[in-house]
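In the two complexes that follow, chain A is the common piece, with chain B as its partner first and chain C second.
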Partner chain A sequence: MSSAPILEVENLQIEFRTGRDTVHAVNGVSFQVESGETAAILGESGSGKSVTASAIMRLLQSPPAFVAGGSIRFKGQDILSLPISQWRDYCGREIAMVFQDALTSLNPVFSVGWQIAELFKAHGIAKGRDADNRAIELLERVGIPDPASRAKDYTHQFSGGMRQRVMIAMAIALGPDLLIADEPTTALDVTVQAQIMELLESLRQDSNMAMILITHDLSVVADVADNVAVMYAGRVVERGPVADVLGRPAHAYTLALLDSVPQARGKGSKLRPIVGSPPDLARIPKGCAFNPRCRFASDLCRNETPPIVEVTPGRTAECHHAEQVFNDG
Partner chain B sequence: MGQFLGRRALHSGIALIGLILAVFFLVRLTGDPTDLYLPIDASLETRKEFAEKHGFDRPATEQFVVFLKDVSEGDLGYSLRKQRPAMELVLEAYPTTLALAGVAMSLSIILAVLVGAIGAYRPGGVFDRISSIASLAGASAPDFWVAITGILLFAVTFRWLPTSGTGDWPYWVLPIVVLMLRPFGLMVQVVRASMLGALASAYVKTARAKGVRETSVIFVHALRNACLSIVTVAGDLAVGLINGAVIVETVFGWPGVGKLMIDAVIQRDFPTVQATIMVTATAIFLMNIVIDLLYVALDPRIRHQ
Partner chain C sequence: MMVENSSISPADDQPILEVRELAKHFEIGSGLSFKRKTGVVKAVDGVSFSLRPGETLGLVGESGCGKSTVARTLLRLEETTSGSALFHGEDIFKATPQELKSIRRRLQVIFQDPYASLNPRMTVEEIISEPWVIHPDALPASERPDKVRALLENVGLRREHAERYPHEFSGGQRQRIGIARAIALDPEVLICDEPVSALDVSVQAQVINLLMEIQERLGIAYVFIAHDLSVVRHMSHRVAVMYLGRIVEIGTEEQVYNHPRHPYTKALLSAEAPLDFSKDRKKHQRIILEGEVPSPSNPPSGCRFRSRCWKAQEVCAGEAPPLEYVNNHAVACYFPEDSPAG
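Take a look at the complex of A and B:
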């Protein structure tokens, strides 16, 4: 953790301009990822996790998506100002992504071997038989039995877990320094989920790759991540080392999230689902976006945007009542 | 697969028999060819002789039995008009039609894929809007009207192109353009719609995340998926092109199968009508098989069922 962060996202703002409404999907997200670490992004559905990830890969379709502000630096390079063709040279080679639904994310009409080999061809690293053989090696590395013959198969011939392994093989093919995994296990059976997480973690450790793990699953975050960023309504509301944040949250939303999940906070604590639903991102409430659902909410929360509070060194929370939550939560 | 093709062949066989029946009896409703082929003042004797020679004196059902027997021996009869085997005439005319239709179809597919794909890449953009309007106009313009206007404009007024007949490339321009209008216009719309879907798909996102170049994203990843619906429509249009060829060949005096068919119908040359229709129907059947096979080759999900 001595050198500069591999990724710095600063005050990123993304909006979708559709018809009359502007959906503010990401409203000033900031976080960093150090090389070699696993950073988790945690948050409810619709909080802007995938949009943030897609913005980093520059995969958002514009229109309707627009970067309304902020910057993204990858290895010190401001990527949003790079010509897209130049950024594509980084994609796959230095930064890669595993998507949630491998069934739709893999091309149905090309063999999986071809799709992996394509990475070597697209980046001018290998071609022909050589590329094919490397694809087979990768399939073997992600634990697909009989890789030489499986390479000729198509997506629909694989089980969900095997498909996600193929996706992972593609993502690690060129040894990227940063891997973004967007809910890599949500589409899978519980038993398979654990295997995939284990695979990702071991591959990450082997090559000392950094990883952004986007997930709903608190136990996965607790198991594998070093740092966590909790997102709500397009903002990172709390950030810090995993053990600290999950052990003793300082944002009312993080606390509510932990209380809503069985066993997240040890035995004996009561289950308390978060009331209400996430805000309409075209009409985000004034003050703190979480105030209508928050049991700590005061007039201050309803009127003023909360400041970024440094709870302990290296930990921040955007909550008017951070201290109160931190001390008696 | 074999079973599928077998079923397909059986269905087509039944359809072909129905078609032959209909054609055989319908052409005979158009009138007696004797009047057309003999001088008005021909004696009753001569008329009887002509009718007997071609079997027109017997009941239509009996003629049909004889016809079936001949067909089973590979004999499609003699053209009344040309005094040559009808099959020979058809096989002579076919290459000309196939060349015309083949060039028109290939050009339509290539251009439609390019135009449709580029339009879908920036939906609502200037190129997309112009190409959408142009393709709609092309698909809905009546081809005989376009053909005649084309002749008047480019052949008569400007004298850039010949009015009719066949020869080197200037003779091909107008017939091909007229023949292309509908398939091109319709296919641009199909390509555009299926490319819109393909380009918005998750696998295209994956390809970009892999660092694949944008031209490959469009013309390999997206187009290869869009091909499935393009092939289906292209197949239907290719069949429709045979109908278009009848009009175009007649207007441009193109010595193909379409013109042969029309002339034969007008002159009550029954054996030639029957031969052109049987050969055309068989060609359409074969083309459908090719399309099915192509479809299976293109979609691995069907292949493995």
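Take a look at the complex of A and C:
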């Protein structure tokens, strides 16, 4: 483990200001990513996980999105204050992203090889035939059969899994130190999912790249991640090594999430779903945002924001009843 | 055929729905001309299964395997190419419009997309009452408002929700409305086409529990279609695994998940990492399948899985392997995994 984390997100707050309401999508998110590790951000729809990722890549359109506070430091450099022209040098070379939907993320009117070669041209690394050859090499590296002729094909000629490989090829083209994968396998079938996770994992190991894996899927987290941050209503509610956090949760939400997954419990036993639905982010409940759905909730939870509790060294939970959850769960 | 009295009559074991050699082929045009047919997509090609009263049959497979097409043909939303589906002995595919109306009263459906399957211009009351508008003899009009509210409570919503419109509800609540509509006519069979796939984990569990409670209370049989292996396992008594338009394996939930016999079932099950968070968890061993599912317009000859199967031999390219039953556990493979003892 290296001395300084490669990425530090500190008290990040992001709001979407619409005509009537202000939607608090991210409300003070903090986490670190060490170089070479796989860190998972786990959460359901609307938990703020993708907004956090987009903020790191500076992809949020403003308006309506505003960074209301906090900082993101990459290798010590505050990237939110960089001029966009300088930020462009980081994109791809230092940090890259793989999106969920490869079909809408790739350009339909250019061949796949052209799109990858464009990366090398735009960054002034290679041009002409050299750039084209590098694109073919990359396609080969991500396991696309017959790369030389496939490079001439367009995105609609590829299957879902193959498109995702093309996107991964583009993301790793310039050898970034941090790869953000936003639900990279959600749109894919299970057997293809397995292929893509295997590919990401082997690429990460080969180049000692760090990876932020954004997902709602507990089994993906169990499979590949070292550390996990569980998000709910725009906050990281629990954070630490995967085996600790998901093996023995200390936040009532994490525990409830595990209880509601079919595989986690024996066949036939009833699932214990979380009552109600996630809060409207324009009207987040007072106190702990999870309190209306929580079976541990007390008056304290309804009135006061929970403190960040260090459960065991290197692992935190933001819950008034962390100890009780940790011991009872 | 009527069997009177006796709660445990042998008739209880008679299938309520029996599907035999169901096939649905789509003709595809050349794109420029609608007249010229350039190929045939065999979306479903010889699927047989039976459903007994009160049981859940899970139908699992990856996209394009034909599981949703099976659902759509059973509802006659698509006309079949060949095969039969006997519902209480009456062939759904040959039913006249009048007969079909009576069948559909007892065979209802829940769709995947809770946003697209509710009419945004109708109130919840109108949505849930619609089955009775189509089948006026099912419930006198005077009793409908009360019944709507009772149904809403049955699916975990509140009575006052009846006056609202679909846009006022979350995805999970909309799916509950869809379920209330589906059980309004007291059907015997419910076809659930990916009913929880669009929902978040925490909400998904609510709907799964609701469906299981309803089955316990009303004894409805489910054909439960999903791509999520653990959800299917949780819901089903028996499971059928589909690949490229055919059932490759069918058996009890325990047989299929604990003793898979078809290589595809094995690979599919191994693709999903187990939820093991222990400190000394091992790197999960997967069977990584080579390549991708072939196009259903040009499937491999013989066994359709052979192009990706590590056990494939010459014989697999010849005649397609038939579904062969041992202890109610059937597999369509020339080289199945060893049969479990007992």
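Here is the rule we go by: the second predicted complex is superposed on the first by the 322 of 329 C-alpha atoms of A that agree within 3 Å, B and C clash if a C-alpha of one lies under 4 Å from a C-alpha of the other, contacts with A are read in each partner's own complex, and residues count from 1 in each chain.
Rule of thumb we're sticking to: contacts are C-beta pairs under 8 Å (C-beta built on N, C-alpha and C of every residue); 3 or more make two chains touch, one makes a residue touch a chain.
Owing to the predicted nature of the structure, the values given are computational and were not obtained by experimental measurement.
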Partner chain(s) touched by A:Asn303 [first = chain B, second = chain C, both, neither]: neither
Dominant toucher of chain A (residue count), chain B or chain C: C
Which of chain B and chain C A:Ser105 touches, first, second, both or neither: first
Touched partner set for A:Glu118, first chain B, second chain C, both or neither: first
Contacts of A:Gly161 with chain B and chain C, given as first, second, both or neither: second
Chain B versus chain C as contact partner of A:Thr18, first or second or both or neither: neither
Touched partner set for A:Ala96, first chain B, second chain C, both or neither: first
Chain B versus chain C as contact partner of A:Arg272, first or second or both or neither: second
Touching partner for A:Leu246 - first (chain B), second (chain C), both, neither: second
Parts of chain A lying in touch with chain C, wherever the complex brings them together: 44-45, 159, 161-162, 189-195, 198, 216, 218-220, 222-223, 242-243, 245-247, 256-264, 267, 270-275, 277-278
Chain C residues touching chain A - in the complex, by the definition given at the top: 62-63, 170, 172-173, 200-206, 208-209, 212, 227, 229-231, 233-234, 253-254, 267-268, 270-279, 281, 284, 286, 288-289, 292-293
Parts of chain A lying in touch with chain B, wherever the complex brings them together: 54, 57, 59, 61, 84-85, 88-93, 96-97, 99, 101, 104-111, 118-119, 122-123, 154, 156-157, 167, 170
Chain B to chain A touching residues, read off their complex: 200-203, 205-214, 216, 221, 224-225, 228, 298-301, 304
